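So, here's a batch of structures to check.
The two complexes that follow have subunit A in common; it is paired with subunit B in the first and with subunit C in the second.
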Partner chain A sequence: MNNDGGQRLRFMRQGLSLKAFAWILIIPVLAFFTIWNVVPFLWLLGLSFYRYYPTFGQPPKFLGLGNYISLMNDPNVWERIGTTFIFMVSAVGIETGLGLVLGFVFWSRRALWGRRLALTLLFSPMVLAPVAAGTFFRLIYDPLYGVVPYYIHAFFGVPKPNLLGNSHTAMLAVLATDVWMWTPFMTMMTIAALGAVPKAVLEAASVDRLKFWQRVRYVMWPYGKFILLLGVILRTIDAFKTYGLIAAMTAGGPGNATDVLSITLYREGFVSFDMGKGSALALFTLFIAVAFTSVYLYFLKNREREAIS
Partner chain B sequence: MANVEFTNLVRQYGRTTALKSVSGVFGDGLVTCMLGPSGCGKTTLLRTIAGLEQPNSGTIRFDGTAVEHLPVSARNVGMVFQAPVVYRGLSVWDNIALPLHRARVGDSEIRKAVDEVLDLLDLGALATSVADRLNAGDRQKVAIARAVARRPRVLLLDEPLTNVSGQERAVLKRALKRLLTYRHDTVVYVTHDQSEAMTLADVMVVMQDGVIMQHGAPRDLYESPQDEFVGWFLGAPGMNFLHLANDRSEVGRRVEGLWEPDLRARIVRAGNLGSIGFRPEYVRVALNPQHGWSEGIVQHAALTTCGQILLTAQVGTTTVVAKHAGLSLLSKGHRVWMRIPSEHVHFFGPDGQRMSLEPVVADEVDPEPVGSRPIPSV
Partner chain C sequence: MIPVTLDPSRDEESQANMRAVKRSRIRERIKDLSVWVIAVLFFLPELWIFLSAFKTPQQILAVPPRWIFRPTLQGLTAMAKEGAFWTYVFNSFFITFTAVFVAVGISFLAAYGLSRFRFRGGDFLMFVLLSIRMVPGSASILPLFLMYTALGWTNTYAGIIAFDVMFSIPFAIWILKGYLDGVSQRFDEAAQVDGFSRWRTMFRIILPQILPGIVAAVIFNMIFVWNESLFNAILGGNTVQTIPVALQSGLNTINGINWQYIASLSFVYTVPLMATIYFFQKYLLVGMTFGTVRGEI
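Up next, the complex of A and B:
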């Protein structure tokens, strides 16, 4: 008698079918998913059709697509989307570029003195909570006793700048912090991507005396691209919804200089308590994040197709 | 093409020594096949010549020029790996041409070189196909074509047929033979497949435990192994060995019918004899009693793919493996009579090295034993 048959018999003896046993296993996951994902999503969707201020003590008023139309016609929202994309593209671009260089150096110089220690130190920013890192850097950028303004003053002979208080430099200062925090992630993804290249292919490229760019194009990229793209897409999604770091450093200021979508969303929902508009904005943000995820899934599908062929 | 000479090569990995002061020459324009069990150091030697491994000590010379300090890219070697390596996304033609662009060869010369190897390896019809979508055999052909197209000084092949199966393997072996016969390149070919080595080699090298045990023409290694290990390793199955641990004269008596009378006398008289070896295919087997031959009882008989019977027989207290045609009726328990012609018997000293026995004068030769000795019941 096979194992499956044996199990079925045991369940039947206990008055329980195999199907029922399967459901028992699935129900906790389904319940968790429903309570924490489906219900809030439906709640959010419902709220987005209403005008609702919980602090006013008035019942919600149905607006239909009113909140969405209001968002689409609000030039401030488009400005925030623009700021978010500038932050996202700059952060991911710089982090990917630096990560590629650092990753390649660490991968190709296995015998580099202090490599392990350097890798450990390099990855340490990733384990910090974004709010903690943001607070830490707010002190570093502080115009009175911060290290960075001090050195700018010392090297360039200019007065200590208020980097986070200036609308021209605030975004750069936030970006630099994000790059400090997340470049190690892209370094790690680069090392993983290069590790996916089979040793024989790398050796064949050396024997065949391929130029560096030929090795990158025909050896490293074809094998490493999926891991690298995964890193870029994960970083893109994460940078798109960055909140803690910016909230701790500038809270979106000065003015609107660092006011990204997630900060606006928080302000609409939990400062102005405009739950309807906040929900509509949240769904709009979710829609963009899903679009990024779809890009990744598309690449993943291609990978499976290549693996099969 | 180059003459490859290596002297006292040592390669250690931690406490393991993969190459133990190995010296030798791979002749210009010859196909040298390196054979040996797993972990014997043959791939390490190949990779050390390529420059993919650095020797701890020793020298490597291509046509007299020292290359051991040069990186792999400066040695101008071609290499084919066990796993078929093709550059993804490129056509077969582009895969072969890619290293040629690096070598600053003109377009017309590139076309000529690529077309020549495509033709030699029967790849013409696949020239425009994307290389990584081909089957393993064709991908390995592309890898071989890429390695030979730029005329390297030495072509190194590391078990190139291992990852190719069935019919593809036979096709690739034929194509490789044609290519190597036509090109007269200096080739070093690592394999664990004896039939591959026998088919392709001008010179065969047998390695064991980081040491070259013997090198020479394939037939010489097969027919005159200089070491017990070479005799055991070559052949399927390898040599029979009768070890003379305690009493040297015992074998002469114990299975005296196996030997011809003159040889029997030489064995009994021999000093310092470690073992006697003979190949299964040279054992003469008869189904009817033969005067003076040893009688054996078949323990196991199986038909081989070559249409012969491989049989294991108990002769006295000794087990003899024999290969013979036309005995398909044999099965366990059958009686057979066996003898080995003197010219096919090999002698090895206690250190496993080949030795020759002193000839004997006619009056020392015992007459043929009367009948065969009683055989213990099976």
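Up next, the complex of A and C:
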């Protein structure tokens, strides 16, 4: 990098070695990182070996791997993991499909009148706090006064459904809200992916009168796949950690119909106050998140290598 | 003089052409209109909340739902008369601005360091920083909660702002390092040959070249901090409560939910977000993809 002799000399003259300068730059961030991440992480790791209920006023009791063993043997935990993955896969699947369609539609109308405002309206759901979006839908799904149950009643002639209170429909209702919130994201990624295709190549394809599917397969996919897959990965990670939306809408209920991992974690820690088991589960979740991040980075690195070769 | 005559057949042809043009123009209009309809459909749930903010409680809960009504400011004025509302608004703005400016400031330093110098474990730090943002909040909140209670940091501005600074750092470093890597080191070298000090090089020569990155980092971290509710609810308290936390706690009352209040608060909460994505739309893509995809949509 920059530490050739001439530069180093100049810095010594300025009274600050290159190394010291470099460290001064990153020390503030390292300080924050240590206090707010390293320390809590070690604390979490330590706690996961203890039985500890802060509300009981008893000192923590060392269990060794006890918490992990009881987690592995807890069928509920596996059920939560199942629920999380069902939610994640269906949400990302539907959003990608719909996003692709809408992405093509919006991409084909680049000279749309008032495009900026239209895109603002389309993208507005994804910048809402999930808690706020969940709150909106509590009103919209309300069994007595909500708009959606009213129109379901009006069009299908069935009695007004209690969408969030029924264990068969709660997951669907939450999924629908997530789809509403995040389809715009996949739409955006599709528009960006299509924007990455060079104009000249697209024109050549239309001169050659390629069919739509051929155009997608041989012209758009090679250029756009990176951005599109990146979108899918980011969305998968985000869907995995969905918390606010479900917390505001159902808090995991009714029963455990919408009880995803992040909701379970919150409950272990702040409702049951089982800090030890909560920590063990948190570490497990952390591990999954780190695995996702690795996939994401691996994907980015591969892309760089591809671009160089 | 050459007599000028109009070829009648050509005239017919051009008329047919005009009709075809007109027809295709109508078709274009219809396509444009249907795209607008899609955009508005996605906005509909928010529109419903916005409309509710201007209704009386009876109108909000009216069956069948009312789309047309005489708007009233009753809900908004009632909310504005409450002291708590102004606390939420102040907290939201104050915490968001302070945390994001501190975070982007120190992240710029660190990103410059990581981009220009080789640190042992630098890549690993980048990886860990990214991982932090991928971990569900409810997994990392437990030890933070214990730490905050042990140190007495709960419900203090310093405590919550410091947390939000750390919350913003990963995104800021990732996006700024991406932009900094794109600025050739020759600029640094040339500036030094001209006798610029290290700090002056950094702020006068390099910083202006990555302004789009700074804007994206500031805007998107502002959105994230503005929206952050889990940590504020657990590590904070009444003093530092922000709008989304107030929204959520408004849902958990025993005396029945005051929908007029919730709708009015949601309205106040959503409008700045929508204004931001209208005015900063070209940063949306880079903001939502952690700085990995640049370009406009």
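FYI, the second predicted complex is superposed on the first by the 286 of 309 C-alpha atoms of A that agree within 3 Å, B and C clash if a C-alpha of one lies under 4 Å from a C-alpha of the other, contacts with A are read in each partner's own complex, and residues count from 1 in each chain.
Throughout what follows, a residue touches a chain if its C-beta (ideal position, glycine included) is under 8 Å from a C-beta of that chain, and two chains touch if they have at least 3 such contacts.
Not measured: the values here are computed from a predicted model.
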Combined model on subunit A where subunit B meets subunit C, clash or fit: fit
Contacts of A:F104 with subunit B and subunit C, given as first, second, both or neither: neither
Touching partner for A:F85 - first (subunit B), second (subunit C), both, neither: neither
First, second, both or neither for A:R209, with subunit B first and subunit C second: first
First (subunit B), second (subunit C), both or neither touched by A:P222: first
Superposition-derived angle with apex at the Cα centre of subunit A and sides reaching subunit B and subunit C, degrees in steps of 10: 70
Which of subunit B and subunit C A:P198 touches, first, second, both or neither: first
Contacts of A:Y53 with subunit B and subunit C, given as first, second, both or neither: neither
Of subunit C and subunit B, partner touching more subunit A residues: C
Touching partner for A:L297 - first (subunit B), second (subunit C), both, neither: second
Minimum C-alpha separation between subunit B and subunit C after superposing on chain A, in Å: 10
Footprint overlap on subunit A, where subunit B in one structure and subunit C in the other make contact: none
Touching residues (chain side subunit A, partner subunit C) in the complex: 1-3, 7, 10-11, 14, 16, 18, 21-26, 28-30, 32-33, 35-37, 39-41, 43-44, 47, 54, 102, 105-106, 108-109, 112-114, 116-132, 135-140, 144-145, 147, 150, 154, 180, 183-185, 188-189, 191-192, 195-196, 227, 230-231, 234, 237, 240-241, 243-244, 247-248, 261-263, 265-266, 269-270, 275, 278-279, 281-283, 285-286, 289-290, 292-294, 296-297, 300
Of subunit A, residues touching subunit B in the complex: 198, 200-201, 203-204, 206-211, 214, 218-219, 222-223, 309
Residue numbers on subunit C that touch subunit A, as the complex places them: 31-32, 34-36, 38-40, 42-43, 45-46, 48-49, 52, 60-65, 106-107, 109-110, 112-114, 116-119, 125, 127-132, 134-147, 162-163, 165-166, 169, 173, 185, 188-189, 192, 197-198, 223, 226-230, 234, 244-245, 247-248, 250-251, 257, 259, 262-263, 266, 269-270, 273-274, 276-278, 281, 284-285, 288-290, 292-293, 295-297
Footprint of subunit A on subunit B - complex, ascending: 50, 52, 71-73, 77-79, 81-83, 85, 87-90, 98-99, 102-103, 132-133, 143, 146-147
